[in-house]
Amino acid sequence: MIKHEHLSLKYMRREVLPTAFCPGCYNGIVMNALFQAFEELGIYDLRKYVFVSGIGCSSWIPSPYIKADSLHTLHGRAIPVATGVKLANPELEVIVIGGDGDLASIGGNHLLHAARRNMDLVVIMINNLVYGMTRGQAAPTTPKGMVTPTTPYGNPEEPMDVARLIANTNANYVARWCVSQYLFLKNSFKKVLGEIKRGFRFIEVYAPCTTFVIRRENKTPGQKLKELMNTCIGYEKWEKLPAEERTKHIPTGVFREEDKPGFLDNYKQLIARLKR
Amino acid sequence: MGKTYVVDVNGLLCKGCGICSEICPRKALVMDSVNPATGYPNPKLVGECIGCKLCMWFCPDQAIVVVEKR
Amino acid sequence: MFKIAYLGRGGQGIVFAATLTAEALYEKGYYVAQLQNYGASVRGGSVLGYVVADHEPIKNPFIEEFDIIVVLHEEGLKRWKRLVEKSKKIILDKKLVKTNIPGAIKAPLSTIAEKEGVYQALNIVAVGAVFSILDIEGIDKVIDKLLQKRKNYEVNKKAYMIGKRSFQHHNH
Amino acid sequence: MKRMFLSGNEAVAYGAIDAGCRFYAGYPITPSSEIMHMMAKLLPEAGGVFIQAEDELAAINMIIGASWAGLKSMAATSGPGFSLMQEGIGYAVMTETPLVIVDVMRAGPATGQATKAAQGDLMQTRWGRHGDQYLVVLAPESPQEAYDLIIEAFNISESLRTPVVFLMDEFIGHGREVVFRKEPGEIKLVERRRSSDHEPLFGSDDPRIPPPMPRLGEGYYVLVTGSTHNEYGYRDVHSFETHYKLVRRLKEKIWGNIDKVFKYEVIGDPGRAEKAIVCFGSTCRSAKEAVMGLDNVLLIRLITLWPLNYDLLRELLSNVRLVVVPELSLGQLIYDVQQVIDSGIKVVGVNKVGGGVPIYPSEIKKALEV
Amino acid sequence: MKRMFLSGNEAVAYGAIDAGCRFYAGYPITPSSEIMHMMAKLLPEAGGVFIQAEDELAAINMIIGASWAGLKSMAATSGPGFSLMQEGIGYAVMTETPLVIVDVMRAGPATGQATKAAQGDLMQTRWGRHGDQYLVVLAPESPQEAYDLIIEAFNISESLRTPVVFLMDEFIGHGREVVFRKEPGEIKLVERRRSSDHEPLFGSDDPRIPPPMPRLGEGYYVLVTGSTHNEYGYRDVHSFETHYKLVRRLKEKIWGNIDKVFKYEVIGDPGRAEKAIVCFGSTCRSAKEAVMGLDNVLLIRLITLWPLNYDLLRELLSNVRLVVVPELSLGQLIYDVQQVIDSGIKVVGVNKVGGGVPIYPSEIKKALEV
Amino acid sequence: MIKHEHLSLKYMRREVLPTAFCPGCYNGIVMNALFQAFEELGIYDLRKYVFVSGIGCSSWIPSPYIKADSLHTLHGRAIPVATGVKLANPELEVIVIGGDGDLASIGGNHLLHAARRNMDLVVIMINNLVYGMTRGQAAPTTPKGMVTPTTPYGNPEEPMDVARLIANTNANYVARWCVSQYLFLKNSFKKVLGEIKRGFRFIEVYAPCTTFVIRRENKTPGQKLKELMNTCIGYEKWEKLPAEERTKHIPTGVFREEDKPGFLDNYKQLIARLKR
Amino acid sequence: MFKIAYLGRGGQGIVFAATLTAEALYEKGYYVAQLQNYGASVRGGSVLGYVVADHEPIKNPFIEEFDIIVVLHEEGLKRWKRLVEKSKKIILDKKLVKTNIPGAIKAPLSTIAEKEGVYQALNIVAVGAVFSILDIEGIDKVIDKLLQKRKNYEVNKKAYMIGKRSFQHHNH
Amino acid sequence: MGKTYVVDVNGLLCKGCGICSEICPRKALVMDSVNPATGYPNPKLVGECIGCKLCMWFCPDQAIVVVEKR
């Protein structure tokens, strides 16, 4: 007997639930935070929101689960498609949701250039530390030394700190939160959906893959979640840690926050000159 | 203060991941036996719920709802 | 020639059941072909895994009829009903498969597995069930060797034995 | 009608604007860049949007997004960029996204000779992408036709909800000629069918009738995916039925409308001709000069290169004993000719490519003398 | 000989190692990833190098670099990644870089059904790139043949200094079977011809003999370019002669060696057969079962899909009145069959794709009954 | 009568000179600095050096002008090709030379990931502010507002500071010099060729295109060169300038310098473990 | 029908010579086709630009013989010798073209241009030379109008006039 | 310090860009008339060279060499 309903469900296509995500996959938690942000902003219908995603587990969040227009595009190409949508109809709020592989590996160039252009998009990157959909291979975010199917002797590569790289571009807003920092995450969503409404807004969510990261550590998703509550700390605090302690913690927080004109503002300004 | 809560579980959405029961600060939820409709166990409220909603936020499958009893 | 299939849902380890069956037969010296049809990785959807084994090299692994098929979830049956119906021996999990098929055996594999605390290894129970029918000389030893190489040996071993026994009870 | 002096590239840009194109994303590449330059200039004046992409992967995907947001969209490129766009074009086929992609051919393979005309991308326009997929390929022979045909390309893309590849060569792209630009009233424009509430967006009973397409933001909760999907857009990556139904329909949408999209020009009398020329693009202009005064030669100029009306071609060629196929490549159209003729008939390719040299009428004449 | 139980993907990896492949760059994609996983494991043991690339564009270009540095190199992918690799493959053709690219086909277009077998990339293996370019395409029918043929693929790539596309489908890639792995002594390995001091690196008098190829760092001051170049590697983006000579040679290098590279299997008697099946890949295994006991049916299994010996095919099919072409696609090989038969002969495609369902023998049998 | 010869010529393929670059193109100056670095390091023959370039004017520097092995690859793909060469034969020193468009626009993703991996390559990026080869269109480095064939109403995009972006990754060495800072540039080349011999070493050369930037400003290449001698200043000094002054100057210098293990070292270490 | 070609080296403005010729004829009401064959942009290599003009629409712009061809650099001649030789009237710059062609006119265009300080506009000198031969009613006015729209009007105008005159001196 | 220098120009390499003459701190180089072999003017030493080598470094075409006179 279901008497009450989860607040998220009104934003979801119920007919396709439960989701195809693994039991305990953190993607669903990110959805909760996002939907709660919408609810707290008083936005109950997403018909003016367009969600764009690439290929990967996290890319399935909008397609088909979010009840809104959604474009489930090619692997790595969500940002250019989203750019096309936004430029063609600036009335729409365009939100990209994707994985670390999708947005930072194969799609890294688009991420970089959209951030440089301060393109008017919200981008949510779920960093689960691996390629989940293709069964847990190393991603550019995989910690050095980690064993995965493509790094059987340990990962030789240094991982990418995506949020801090993007913070070093022209983007308006850049933050990172662990999935365990639910309230911060939700508030970050509120910030980019309700306050800073232009330019490039990037939120990285640190959310290790239940099946291919957490299970390999012989942990349950619940245990890991509790662990993350200690692992994830504010970056100011993190920076004060001794080097060795740093590697054991994830620095989180808002790395950049501005409200300068986005690409569309700049473009319109040039065109306006033409009309005069 | 003195509020009591009900915890509703949607057995068709729950995938038995156990996050809710592990995250509950009061250890108020335990995993029940397998739900034949899905093949997964569901959580069951066995202790006192303080309405913190952690289980609800962190349930990845929108399967658990915490409501104040009126 | 043996033609054995396992059918269920993503996450149930159907492919592993087929793998274990195939590898055991391979170890016994058979020519073996193992194929599977699954959805997006571990995430739900129907999964079919099957094995063809023979003393001769397998000419064509694409077969339309199985000697034995074990169905562990309704989800698989929904999709592969036609294929299932063509099979000679059909075993349906009593609890997890709703649909009935004339002539099929309903076996309480999952119920026993849960009761015995090896529900996670339901797939191995199914393998046990299959080999209780096929009854190949020395197969248990091979299976044991293969399971030893993997994680959770104890649980899997128990599950296999349960499969071998539990099914025999219900084998009409 | 306005008389202008334009290169084929410029003509394409004017034609696109006149066809209602309001979004362009591109990346510079010789010999197509002037299309981009022109669009950068014209689009803002026409109320459209132009963006220079970081690469061709971005360009093709940007126009896909813009098309779903409701604008007629285009990208132009040349061989290397066209190769990079293939995955995106396949996605547009799968999602039935109307777009026009212009490929101004230069001599390949690889970087080849960037400023020299060629026709070596023909087969790639059809088969450059993975999986089974079908779209429409059009090829003009001159700047004037580039202008007229690009309008047609947009019309076809809108009416069939499909990407259309517009195939030119450098001679047309950079060659400047007198072009008559139409006035708004003189142009028949086709717009994609908008959605009604009840029709699914990714299926139709008659595969020849493409489903309607709403603009994003109209409240349809559109589900667009490049994965296999049912008629409502729901992904189904498991079932045979959904996949087969979808790909059959996508193929039939193109081939079933062959009567509408297959354009060609015939010079000569198929009944009397003993010899024939089959050609496309700028090469046909030399071919036309070559057949002037020869009444036993049939000239077939293919304007639509895909889908190809093999039956018609077979019929037209059924009486000839020699077919000459001039191409600025080592021979690709010749495969189509071989498809439709029987083993007794001689097929001769006039193949020349590189250095920016055209096939001259004299060379085609010589081949006809076999 | 070592008896093993391997999937086709694993067999490819073992075969590659046994063929001397010592460099792999790749990007994961279903259903090819196991090749990558296996190479990640095996290469370091064999003294080779493995790297996971940031995308498929990087992967194909990394193996090009490694090949020039002297290592036999490979990348494996599936449709979407294969589409992204096209530009790089064209570069490899132009620069005559030996490599092997494995494409494990899944159902397309676009993302399609990632875990389901298909054969829809056939035409793309030939024509996926811009410009005129030719390479070799091989397709095994089983894990055992995957193992044996990938060794052959490396040998051809080395002997002809060309990229070779190795085309499998998911059934072979994921299907596990007993595979006999050869011992080092049992394998005939071909190595690229090294340079002598006087021979040019990008030209030869006999186009069928590829020029020699030094390793980088050997003091040859090698000039490699994807632009048009003369026989010494100097870029010449202007002259017709240089371009035409180069592309003619590159084509002739492949087609002129058709006797060496064209592999096929025939079952039945071409003289007596009234009907024929033409097939490739895993589909042939059902076809073989279908013709068992039918002595009026000829089965032609193409192992080499490009270059295709059209003359041979024409001859083999010259007496039949029906040709059945089973394909896990809407029909691509069927174009080749149509190429070689005359208009009177009936060609029937058995086309089925999606859902991971194979074409069964019964379906082919039925088509033969026409 | 030529009695003496330019030091650069011994490193060049004389038979193809003069180069195909426009009169006054700065690419030739970068070559001089590079060759002088080799000469000062006592390296007179480049047979163990492999040069890899993409497509663009600057990409023609090694192909065919440098007398060494050279791979003139596709537009944007020099870094992956170079990576393949280096990994397949670590004995070779592999140097990438390319344009801002080639390396930072279409090739941006490879640049980013090679830097993250600290791949053992030297990368020289000639930033001429435009796409020279295709006739002067905007590049990601083109200043905001600049008119080019693709930005007829002025460039709406913020340019990318490539050196400083890469300095924020895992690279061993990152510097930027103006072509006018000849001696600094030459010394930077000496540093990465003679001292720091591993990991990712990136040098950006600010060298506006004579034909499509300088001539559009109605200047001669000589005038511009003299102007640059004032425009280009050390970044520490630049940072102290008032905001408005900053836009008129180019901050140059060494942004990062380390000698930590490169990709190959890390990879070999993991493999060594395997052999034990 | 007029068929006029300019041939030279990258950087000499050959394409602009053809453009100016073509646009002038276009303005005079002709049907015009202008094609060019050039290397990598402004950077050296041979450049050929040509114009076909007629009172009828141009059926085929691919022609093998020109009425007039002006060759401004050896580099172009090297490559296009065969084409040049087929032309009816061949004008070679006396200083910049070494090779001789039987029947060709050697004109000191570049020498005069340098002397007169319009060396940068040698291409326009060539256009002047061509129109001194073609002598189309009112063409000078059209050229003037076209040059006014561009940079360096003064120099270009002077160059054009030099071409018109200088060539007449040497026109045998 | 009393050293004197010769400046050698390779007229076949020089493209007449004028960089050398503009960069020379002593304004010692001027552009000569067009070299018929190339169609470009070449620089000519007309003043006193102090051997700073700026012209040599900055000549993009390796066309100018500064050597100490011995």
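Per-chain residue numbering starts at 1, and chain names A, B, C, D, E, F, G and H are given in the order in which the chains are listed.
We adopt the following convention: a contact is a pair of C-beta atoms (placed from the backbone, for glycine too) under 8 Å apart; a residue touches a chain by one contact, two chains touch by 3 or more.
For clarity, every value in this text was computed on a predicted model and none was experimentally measured.
Counting C-beta pairs in contact across A-C and across D-F shows that the higher total falls to D-F. Taking each chain's centre as the mean of its C-alpha atoms, subunit C lies 52 Å from subunit D.
Subunit B and subunit C, compared by their mean Cα positions, are separated by 34 Å. If you average the CA atoms of subunit C and of subunit E, the two centres end up 36 Å from each other. For this pair, subunit B with subunit F, the centres built from the Cα atoms lie 59 Å apart.
Counting partner chains per residue, subunit G shows two or more touched chains at residues 39-41, 45. Multi-chain contact residues, meaning those touching two or more other chains, do not occur anywhere in subunit H. Within subunit D, the positions touching two or more other chains are listed as 30, 44, 54-55, 57, 80, 87, 91, 110-111, 114-116, 225-227, 237-239, 355-357.
A complete list of chain pairs in contact reads A-B, A-C, A-D, A-E, A-F, B-C, C-D, C-E, D-E, D-F, D-G, E-F, E-G, F-G, F-H, G-H. Subunit C meets subunit D in the complex at residues 39-40, 45-46, 79.
Note for the complex: subunit B touches subunit C at residues 33-34, 36, 39.
If you check the complex, the residues on subunit G that touch subunit H are 9, 12, 73, 95-96, 110, 114, 119. Contacts from subunit A toward subunit F in the complex involve residues 105-106, 108-109, 112-113, 116-118, 140, 144, 153-154, 156-160, 164-165, 168-170, 263, 266-267, 269-271, 273-274. On subunit D, the positions that touch subunit C within their shared complex are 237-239.
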